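After this come two complexes, each holding subunit A, first together with subunit B and then together with subunit C.
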Partner chain A sequence: MKPAAFTYARPADWPEALALLGGGARAQAGGQSLGPMMNLRLAQPGAVADLRHLPGFAGVTVTGATCRIGAGTTHAAIEDGAVPGLLGRILAGVARRIAYRAVRNRGTIGGSFSHADPAADWVAVLPVFMGEAIAFGPAGERRIPLDGFLRGLFETALAPDELLRAIELPLLPAGTRWGHWKFCRKPGEFSKATACVLAVPGAPVRAVLAALDTPPLVIADAGALLLAAPEAEAARIVAGLGPLEPWRAALARTALQRAGLAAREDA
Partner chain B sequence: MNRSAISLTVNGAATTLEAEPRTHLADLLRGGMLLTGTHLGCEHGVCGACTVELDGAPARSCITHAGACDGASVRTIEGFAEDAVMAALRAAFTAEHALQCGYCTPGMLITARDVVLRLPEADEARVREEMAGNLCRCTGYRGIVRAVLRVLEQRRSAAAVA
Partner chain C sequence: MTSPQGVRAQGVGASLLRKEDARFLHGRGRYVADITLPGMLEVAFLRSPVAHARLLGMTKPEGAAERVFTFADLDGVGHIRAVSGLPGFRISEQPVLATDKLRHVGEAIAACVAPSRACAEDLVAACVLDYEELPVVSDMLSAGLPGTALVHEHWSQNAFLETTRQDDLSELDAIAAAKVTRRLRTSRQCMAPLEGRGVLVEWDPRLEQLIVTTSTQMPHVSRTGLAEILGLDEGQVRVIAPDVGGGFGYKGILLPEEVVCAHLAIRLGRPVRWIEDRLEHLTANANCREHHYIVTAWADAGGRLLGAEVDATVDAGAYSSYPFGACLEAAQIGSIFPGPYTLPKFSFRTVSACTNKPPILPYRGVARTGVCYALETTMDALARKLGISATAIRLANLVPPEAMPYRNLVGKVFDSGDYPEALRRAMASVDLAGIRARQAAGECVGFGLAVFCEQGAHGTSVYAGWGVPIVPGFEQATARFSPDGVLEIRTGVHSHGQGMETTLAQVAHEVLGVETARVRVVHGDTALTPYSTGTWGSRGAVMAGGAVAEACRLLGERALAIGAALLQAEPGAVELSGGAIRRRDGGAAVTLAEIARTWYRQPQNLARDVDKGGLEVIAGYRPDPDTGTHSYACHAVTLRVDRDTGEVAIEDYLVVEDGGTLLNPMIVDGQVLGGVAQGIGTALYEEMPFDAAGQPLAGSLADYLLPGATEVPDIRLDHMETPSPWTRFGQKGIGESGAIGPPAAIVNAINDALHRFGAEVLDLPATPARVLAALEAAR
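Moving on, here comes the complex of A and B:
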């Protein structure tokens, strides 16, 4: 339960961070996933670049109808209302159910999203929004749609020489409805199946089904989940995932139904 | 071995220690400063025994490594000896039989103090949710939850009188 030896660096600016990355360092934000993996020696980086002190790494800014969340913004800050409005209420509800407060005080939205654990909460939720991940690389910033960011288990659209700098999300209009369901046998443990449903007035209903040991599935037109009886639609979506163990498929169907029901009842 | 100087403020006192970057904060506190009130259970961030206050908020000291703590401010269970909220929690833990072996207790108390201060209106369900990241293998949690609720109620009563 002690990590293998590594060298530690604390880059003062983004170009220095990229240089460290180019030299083979592993990027670390809050360290709440990488720390345990290093203690268990599942990860043995020879060098760690601690991004927490980069300028602009944490913090939330709103410009027009877009909310930019710095990659280093902690789950606890989001839980405590760092993001304004209806979007903030939704994100705060998700953040509150991530692990435990002691973990949320250190763990970050960008660190978790770019770590891309299939059972992680932001992985299961962010792709539902019509937003973008802001990557930073040698050529500057690059925008990646959130629903194309996750490519596989622990695999993202970031290039090896890029870091995630921010998440940009559209603010949500009044009348937006939201449902979220996460199956955990104990509060704070990794989810066994997570679903969320987002119904923005005038736009197709979107949903995400995740935490099934596969990358999240984005359903771009999920209106049928808002019906009084969403069972058939939930079953159709889960059947499309390919073979799942029966208990897991049942959890996935039920998570979709309950998220749909919550969105239907969300006034 | 690449040892480097780690500067910390621990329980209000500035200190500098030589440590490898891989040393986790709990080992730094226990081995480097003989502050053995911080306990180690799982050493991968699950059990909560090693919870300390790091830069003003509870954190797992077993998964935060020394390099990342350079410049940080840490408060361990020893640093709460004169704290009024912690005194009330200690008394409530005694009254409610909220510990047997005491191994989880330092982490429980630091988490509980954060709950009491951050969530003054918390009910039993919320207390159980908030304390879920601290594992106890002997009491079965009932006494722990009652102790936290007792302090919450004391503080609400005091606020109502004031």
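Moving on, here comes the complex of A and C:
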């Protein structure tokens, strides 16, 4: 479990990072997915560009009603309250359940999102927000809606010459209700079913169902999950996913029901 | 714990803090991977990517002829043969590097040598394999069917051994009040010690000796095996086992990797090291626990067992490992299935199936974990059918204390104990009525029991019957004083978590009165210790403990004679107490340290007729009879099942355990707790699935789930202490016990929760998928 030989570069600015990318380098943020893949030689990039020292790569800024989270912001920083307000509370709750603290100390929100592992936590949560991914490429910044960012298993809307620079999320008004549920039996295990439900006052209730070995399913009008008896709606949604092993389908239904219940009870 | 003199008790029965913990807790432990030598080369193995194939060739990377070695390059190295003496055993020849066939994923094909492991792995990646795939034998149940491909082509079928016993069970259907049949399965597991395997070999040209530093439980057995296969005198092989980060049976083996590294160290004239990584562990060495049972049992209306019939298959993998062989598990099933009960009639058939999987090794508890699961879930099924309680059916069948020592129908002899009392004590400590009330209120909670006994420290008479390459004889220990009066104990067992650096010092203190701080326990080096078959089979406390006591007793006699002379007294007028030889009349005394100084440094003061053997004694010990001690336990579990997710949450875990006299109760607690944690893994988490092509499917610890701190509940322990009449202090082997009961107790509790919904779990581990499937099937 030692990686094949590769060259390591630490770009000082974004243009240099893009140049390395153009030269075939693999971008690395926290390295919590790429590192093990390289150790197992499942990934054998000839060069790695370590993005962690790029200006503005990590950190959170709030402008007006928008929160911009640098792609290199660690799960641990989010867990520890880097994002303010209600949104921050919600994201901290998600971050807290990502693997172990040691992983969270290095793993980043942008790295995880652009790796696009279907079982990953941010992949299962970010598309629920009416936010945008900020891509940076040779032509500068480009905005991609979060619910259109993930295109498939380990596939995103990023062009090969683009990097994810930040995630922008709308701050959440008082009265927003939130539910999140994922099934893994021990920390560090990949989720077998994740669901989240977001009810922003005055907007349609949104939900995401994920970690089913398929790209996350965004449910744009998920109000029925907030009803007292969401079973039928959960069953309807899961039935629409196509064939799943029965136990996995049961977990998926439970995920939607329990995330809905949590949102319903979220005061 | 203080004695009347105010001295902290240190002898047998004291919960003395572990002497070795200062080293471990401060990070000063030293494992194979911590050791480097000048000029050392690292080895990475090219391993088979397929489960069954004809190996047609392997092209070495260009220019790497002297850095990549196949079997053809290993001049004079034999195959590993672990032959059982049981009639009908089929012999496998395990090449240390594959020759003409590949028989499981992960089988080593070539050794690649480089200054770093990464460069060695580069060489592995550059090797080009040529093979022709063969039909894969991936399922033990169909392995024996006609027309199936043969793993070993000169065999008539894919089985190492079949054993049977036939009682006349024909009347039972007519007279039994209940009959149940269950088909049960346990999954293949990885033992997953924190430290994997590893070996570092150097050749000492001056001594013409291999120095093999390896992570093993049995250094002397490894030495014998290595010498035989390499064609060396045993004196040319010195095996050192430094700190070893967990054994569990995984390191009770002569490794092909050890043989290859030893050969390369001689050939290359440089130290050679191989460290197993977790990927190798998971994919090349998933090698334990895979059993399948069809059990039928009959009972009368009171729950008394009338008979049982068992058809058991164990997936033994592709080869017979040295020294325990491929049949230790299956062949034992017949002898241990009656469990702690007075079973009157019993038939069985066991098969050690040969498949395209890694060779099976005995994991903590060996066959008992699977047998206990099969027997105890069957007992509950009978109880449910009869409408009696799980407690009642067990009390109706447990061997009563007045029958001890008890010989059961297959000839196992239980030494001592009150098995029913262990169950009664457990039940007195559990709120069963409260659990029943919660069930009545609709909660999906359940309660489960497992009662079992564990034969440990079984000796010559037992192993001679099995005909495996090692038969333990008299366990030996050396006791000797240094000139400064420090007592040195040398033992051939190895301590890798058992705390024997402490418990053996306690035994020495018990006999000689030397402070444990001045007792040094030396182990893990064939050059320094007497021969021993090593640490396995829950034998350390009984065998090494007994040997140390005997060596210390004889050393005390030598010291007493010297002391009496120094005190100018007759030997009969003095006694050994408190680390000194004292006149019985309360007069003068001379300490053992003074006696040591006299022997080594002031010999002019010795009597003319002193025993010339001096202050060094090697002594042997074997209990009589040596059929083994039987510790026993009752595990009692309360848990909740989430019917939506299939998830199990343990609410309460109780162990009532009798290990006879406990040398150090705190260390025994640790042994039981660690065993239970592993048993919880077997029950709920651990499984290496193989697909039909024989590919292992869990390649990391994110897929192969081990219970961690967050998955293991607080475990309540209660000890009974019924001494064994056959051992030096009454101690019994208990090291494996904790890992035996959990799958049975936990699944019994799950089924207690589920049976109101018509569901029953039969296969291990009881994962959410299996629990949900059971509920689904009942719908």
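Just so we're on the same page, the second predicted complex is superposed on the first by the 267 of 267 C-alpha atoms of A that agree within 3 Å, B and C clash if a C-alpha of one lies under 4 Å from a C-alpha of the other, contacts with A are read in each partner's own complex, and residues count from 1 in each chain.
Note that in this section a contact is a pair of C-beta atoms (placed from the backbone, for glycine too) under 8 Å apart; a residue touches a chain by one contact, two chains touch by 3 or more.
Everything numeric here is computed off the predicted structure, so don't read it as measured data.
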Which superposed partner A:Val48 touches (first subunit B, second subunit C, both, neither): first
Partner chain in contact with A:Asp147 - subunit B first, subunit C second, else both or neither: neither
Touching partner for A:Leu40 - first (subunit B), second (subunit C), both, neither: both
Which superposed partner A:Glu79 touches (first subunit B, second subunit C, both, neither): neither
Which of subunit B and subunit C A:Val103 touches, first, second, both or neither: first
Partner chain(s) touched by A:Pro3 [first = subunit B, second = subunit C, both, neither]: both
First (subunit B), second (subunit C), both or neither touched by A:Phe183: second
Touching partner for A:Ala250 - first (subunit B), second (subunit C), both, neither: second
Common ground on subunit A, meaning residues reached by subunit C in one complex and by subunit B in the other: 1-5, 36, 40, 186-188
Residue numbers on subunit A that touch subunit C, as the complex places them: 1-5, 36, 40-41, 183, 185-190, 192, 245-248, 250-251, 253-254, 257-258
For the subunit B and subunit A complex, residues of the former touching the latter: 1-2, 4, 20-22, 24, 27, 42-46, 48, 51, 54, 57-60, 62-65, 67-68, 70, 111, 114, 128-130, 132-134
Subunit A contact footprint on subunit C (complex, rising order): 116-118, 121-122, 125, 277-279, 644-647, 684-685, 699-703, 705, 707-708, 710-711, 768-769, 772-773, 776
Interfacial residue positions of subunit A with respect to subunit B in the complex: 1-8, 10, 28, 31-32, 35-36, 38-40, 48, 50, 52, 76, 99-103, 105-106, 186-188
